[in-house]
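After this come two complexes, each holding subunit A, first together with subunit B and then together with subunit C.
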Partner chain A sequence: MNRMGREKIKDLSFFLFPMILMILFFYIIPLVMTVYTSFTPLRNWNVERYLFEFVGLYNYERLLYMFQHDPTFKAVILTTVVFLGITLVINVLGGLVLALATFFINERIASGFRLLWLLPRMSPIAVYSLVWYYFFHGSEIGTLNSILMKLGVISQPIPWGQIIPWGAWSILIFVNGLVGVSFGMIVFTSALNQIPRELIIAARVDGASTWDISRKILIPLMRWHILYVLTWQFLSLLTTFHHIFLLVQWNLINRDYGTTLALYVFNTAFGRGEQDQGLAAAAAVILSIVGIIGGYLTLKLLKFEKMMKKPRGDF
Partner chain B sequence: MGYKVPILRIAIWRGRMKALKGIVLIVTLLLGVLACGCIGGEKGTSQTQVSSEVQLTGNFTRDVVAIGRVLEENGIREVKFSVWGAGDPNSVMRVYGIVEAGRRINRIWEEKGINVRITTDVYYVSSFQNAYQEYLSKQPLGQAGDFFVNSYTYLPTLAEEGYILDITDYAQAYNNVIEDFYPSLLEASKYRGRLYGLPQDTEARPFYVRRDVARKIGLDVDTLPEKVKKGDFTWSDVYHWSKKAKESGATQWGLIHRKGSAHPDLIQFIYAFDGKLYNPQTGKLVVDVPAIYKWLYVEWKFARDGLLPKDIMSWDWAKQIHPTVVEGKTLFTIGGTWYWTEWQTKKYYRGRSLKPEEVKEWFGYTLFPAGERDKEPVTLSQPFIWMINSKAGEKNPKYQELKDVYHKLAFLMVVKASDPDINAIHSVISAHLPVRKEATKLIKDEKWLNDLKNLKVDLDERVKESIKDIVQVTVNPINAQFLADVSYMLEYTHLAPAHPKYPALADIFTEAVDKVLRGDMTPEEGVNYIVQKVKADPELARNVEIVGEVPKDWKFPE
Partner chain C sequence: MVEITLKGITKRFGNFLALDNINLKINDREFMALLGPSGSGKSTLLYTIAGIYRPTRGRIYFDDRDVTDIPPKDRNVGLVFQNWALYPHMTVFENIAFPLELRKVPRDEIERKVREVAKMLHIENLLHRYPWQLSGGQQQRVAIARALVKEPDVLLLDEPLSNLDTLLRLEVRAELKRLQKELGITAVYVTHDQAEALAMADRIAVIKEGKILQVGTPNEVYYKPKYKFVGWFLGNPPMNFVEAEVEGDYLRVYSSRIPVPSHYREIIEKLGIKEVILGFRPHDAQIVKGVGDGLLGEVYSFEPLGREQIVTISLDGVFIKVFAPEEESFTFGEKVTVEIREDRIILFDKEKEVALEYLYKD
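Up next is the complex of A and B:
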């Protein structure tokens, strides 16, 4: 390697090493540890006793056996597909609509409006979940039931989350959708602010409507951001379980049609009165593989490589 | 020339090595001489061997003093402990009992001029399941409490993993104290024949009957406990009277029970139908299909006929379950002894709590009725156990040398925390049942109750301050009488199996009950669901026997 090459590597290493260390400590090492743990019988956090015992593929076999024979597993898979599909569309399209809507109105009002949509994300998970727990509660103490009963729309309270499958799914999608929309909104707002104003002014001069400007100028220029939000939200939704866990745990939504794959994995490994880290690690590895395949397919389908092509011409 | 430099270097290196060996030899000899001098001169000098061992004799004061002296000789002035507990707000003595034990030991040390003191931190949460999860994850890191009070159902796992101390050998010296505990509770503190803790409290699960509602429909509550005891009043009768109460408009519901979990309250159905949950011969858990089918059928029938809310498993404790019971909207309630004082301290009744007189006037209580005519009534207990962390005392100086001393001190603290008066105070203020015969005698003593009411008892100021409001509300003859009245139920009690896989099985029961109550499954489908779920996990399947079949000619109500 010539002197120039070595110098370049040296410079690159200097600037990259904090990020490389971070990736090593927070991504690579945990990943390796998870894969390693999945081959051990580690349970009840008894590292001293179990961490150096090797059980081969036992945890994977056990997990696959449970997938095959658990009477509720089909409902879990169906719930995951519906939840992921609909919430993803809501998150990306909702974020896009909010960003575009606030782009065309007065900045002060827009900021306030955006802040309002950030509230679900800023609220502690338990508090936010509790709000919806009481709102959708299936008895007369539930806010929604109480309002509808007072208005005379219904005479008996409706157990919304227990109407299967769509009642449970609707609450699941609604609660998570509200949290996710704000992420897309922020990314898209930032993207919109980077678009030169001249383009919009010129289009306006040419008589383009807001819809035309959005469809023909703004959205095409935000393709990269849309792809990013789509991929990110897909992976987030695939692995999220915090809000769902609380809603199921509090019996607000039906257990089978309220449980996604991520929550199923958590419950299988931790939620059954046992703490089985070996099994949990195997489940996490499987979930990661699903995520990697899903993420790869999203990037392929949306032609990520084409977008990342080096620009032509010299710098 | 090319070889000269290495040869020279080797020669120098050899020379240095020789010199080094010489120095090592001289130092070794000098140290040897010094060591001989020390050993030989021991008698003549004032230096003494510091002890790090104590033998327990069974004489509490003598043992505490011996431990205090060893700690003092080792330069320890303060021993820091922490106690973790969980439960309802009235059960805080689960942690303050240990604080009080520390104070009583400090007093002995002070009287004997030993300059060592115990300080105890407390950590008390409402959910005992969460407390267990936290202990499990923090114990290996050395961050869990030195004392852990929790359900006996967790004891096997904690013992199996080596997270709690085996106190069998220590307890031998204290047989006089150990023998005063009720034997069934001591059994619940054992795992594979070894003792891992001392019972802290227990309870029965009375079947509450609303007196005013019963009066309206002609049900005699005064004779009911006896009828239930003889097996003359079964679940079929519960169904008939519930139906009568609802149809006559006397109440909204016939029956109310807990939410969220089948364990422990609903597990009583299995025993009431003479079912089993554990096979001692094989050491496996049992899914008793006929008993479980009957249990699910009763729940299903009650829910279908509108006598029990079909969504009861998702009801809210404070906003729905307790208010429904105390406001007289149900005839029967499957509850626990602690409800008795909880209704007196929590504002469940139209924004206020109940007065002791109201509780007495409105509620009668019986055993959990037999499932059928030829079966026995039951109750179920879930003793709480004082367990000692296997790393108890780790945060104190010289832990490695004095480990055994710290462990013995922790054991003696648990012995002291089991003093009859501490146990009796906990029982009265939280409506749990005493674990020792001496404590049972004490709660019948009116003078002692009066002294407790006025807090004229030998307790740490910090403990008094923490329990004074609860004492004010709960210490009265009515509550003491209630405890005395329900104590016979312990003769009928069952304990759910202390098996590491039991919590997983109980979770499956919960799911099945919820589905059956909501009408998503028939009782038979519910049983099949349980069997399928058990078989889906190879490890659970290995630990569970499935016995019997769904009875074909069984009818409910009889």
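Up next is the complex of A and C:
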């Protein structure tokens, strides 16, 4: 290697080492440990006894078997798919609709409106979950139940979260969807503000309606942002479990139809009762593979490599 | 092809008065320039004509039709922007076709009309390209094509040349002027570039702080400015202004004395005015070496420009600029006399900064 090359490596490593260390400690090492653990029968954190015992694909075979025969695990997988699909659509479309709606109205009203939609994201997870816990509570203390009873729509309180599967799913999707919408809204709003106003004025003068402008000009110009939000939300919904954990823990929603794969991994590894880290690790590996494939597909779809242009000048 | 009449147009943005009682008539097939410094309200006026802004007060007529409350799309205007506002995700063809698509024009007719207008603007070989693949001049042509394809009654242009480089601007200037006359379309052209307005327009409306100061042919506004501001804003270098005092039939300008121009004698007498501002254009005077009849001063600096040179002369510390032929040579500090072409002198009221003849008429 010539001198220039060595200098370059030196510079590069200086600037990159904090991030490389971060990735190493918080991503690579845990990933390797997870993959390793998935090949051991580790349980109840009995490291001395199980960590160095190798069981091959046993945990994966168990997952496969459960997937075929265990109704609880089937419910988890089904819940994950339904939750991910519907919440993703709500997040992206909701964010898009909100961004467009606030774009076309008076700026002062629009920013107040946006702030309102940011509240779910700003409030602490426990507080936010608690709000909806009381709202959907299955007894007469639940806000929804008491409103409906006062209005005379129902005579007995309904345990919404225990109606399976759609009652539990609806709450799951509603609570998480409300948090996610604001992310898309912010990204899309800033994308819209980057679009020169003249494009919209020109279209208006040519006779375009708000719908025409949104469909033919604004949305095509936000293509990258839409795909970006789609990828980001897909990955974050795949791994989110905070709100879901609390809602299940507080018994607001049905345990089987309220648990996604991410929460299942958490519960299996750290939850109450018998903990099975080997199985949890195998499920986590599956989850990671799904995430990697999904992320890779969308990056391909985004033509991400096209966005990464080589910098100009000599380096 | 319409005649545009603006009656008492006032536009407020909150507390800010953007347009103040604008009255203007733009004739059929006329090329009208709205000229003014930035923030003068000229673009606001253009967008009011387009219907993007609604006037706070006043009416707008296209011929006899009151269009004040009619939305932009029903006014049949073509709009060209400073940044051209081409849709980046559409090809040139799609950009030009867009207004027709919105009007639900049949596909084959769109095809025909787009090709026709593209041919007129010499961009027929660029139709499949995207805006980012075009040069500034080509993008500008596409923007004009898009404005013209729907055969508008009025073409509105908002500083369409200011994003082009100087040479290209001169070229497009000539072409645009020709195009407007060939199409016989009523055109309103917003610019802050006085040379552009003088070169292209049939008439110029000079706007300052939301008010129209003067409307007239390029010659009128250039040679007969109604306000000191108009004289200063048009022409490069701008009009010279020096303070003068009336002393009988003479004007005292610092240490010099020149006769009152004959076209002002009667006016000055009637107004009984004492203090005036004398204005003249840099090319309406000549420099004579030594002390003679005229404004006495000394050469401060001189800048050869090729065909001619600009000489800056200090009249007792006040600078004026005068054109001189290229072959003449000057030295710094040289004593000279400036002889002004008498019939081109404009006298302004010192307080109101209005040309005396207008003061007299009012």
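The rule we apply is simple: the second predicted complex is superposed on the first by the 213 of 315 C-alpha atoms of A that agree within 3 Å, B and C clash if a C-alpha of one lies under 4 Å from a C-alpha of the other, contacts with A are read in each partner's own complex, and residues count from 1 in each chain.
Convention: a residue touches a chain if its C-beta (ideal position, glycine included) is under 8 Å from a C-beta of that chain, and two chains touch if they have at least 3 such contacts.
What you are looking at is a predicted structure, and each value in this text was computed from that prediction instead of being measured.
*Asks:* Once the shared chain is lined up, is A:242 touching subunit B (first), subunit C (second), both, or neither of them?
*Replies:* neither
*Asks:* If you stack the two complexes on chain A, which partner ends up touching A:204: first (subunit B), second (subunit C), both, or neither?
*Replies:* Touch partner of A:204: subunit C, not subunit B.
*Asks:* Now for A:121: first (subunit B), second (subunit C), both, or neither, which partner does it touch?
*Replies:* Neither partner.
*Asks:* I want to verify the contact counts: of subunit B and subunit C, which reaches more residues of subunit A?
*Replies:* B
*Asks:* Just to be sure I follow: which residues of subunit A are touched by subunit B in one complex and then by subunit C in the other one?
*Replies:* On subunit A, no residue contacts both subunit B in one structure and subunit C in the other.
*Asks:* Could you list, by residue number, the parts of subunit A that touch subunit B in their complex?
*Replies:* On the subunit A side, the touching residues are 44-49, 62, 65-66, 68-72, 137-139, 141, 159, 162, 164, 250-252, 255, 271-275.
*Asks:* Of all residues in subunit A, which touch subunit C in the complex?
*Replies:* Per the touch definition, subunit A meets subunit C at residues 196, 198-199, 201-208, 212, 216-217, 220-221, 223.
*Asks:* Spell out the residues on subunit C that touch subunit A in their complex, using ranges where they run on.
*Replies:* Within the complex, subunit C touches subunit A at residues 47, 50-52, 72-74, 77-79, 81-83, 85, 87-89, 98-99, 102-103, 146, 150.
*Asks:* Give the list of subunit B residues in touch with subunit A in this complex.
*Replies:* 133, 136-137, 139-140, 157, 161-163, 259-260, 311, 313-316, 319-320, 500-504, 506-507, 511, 514, 518, 520, 529, 532-533, 535-539
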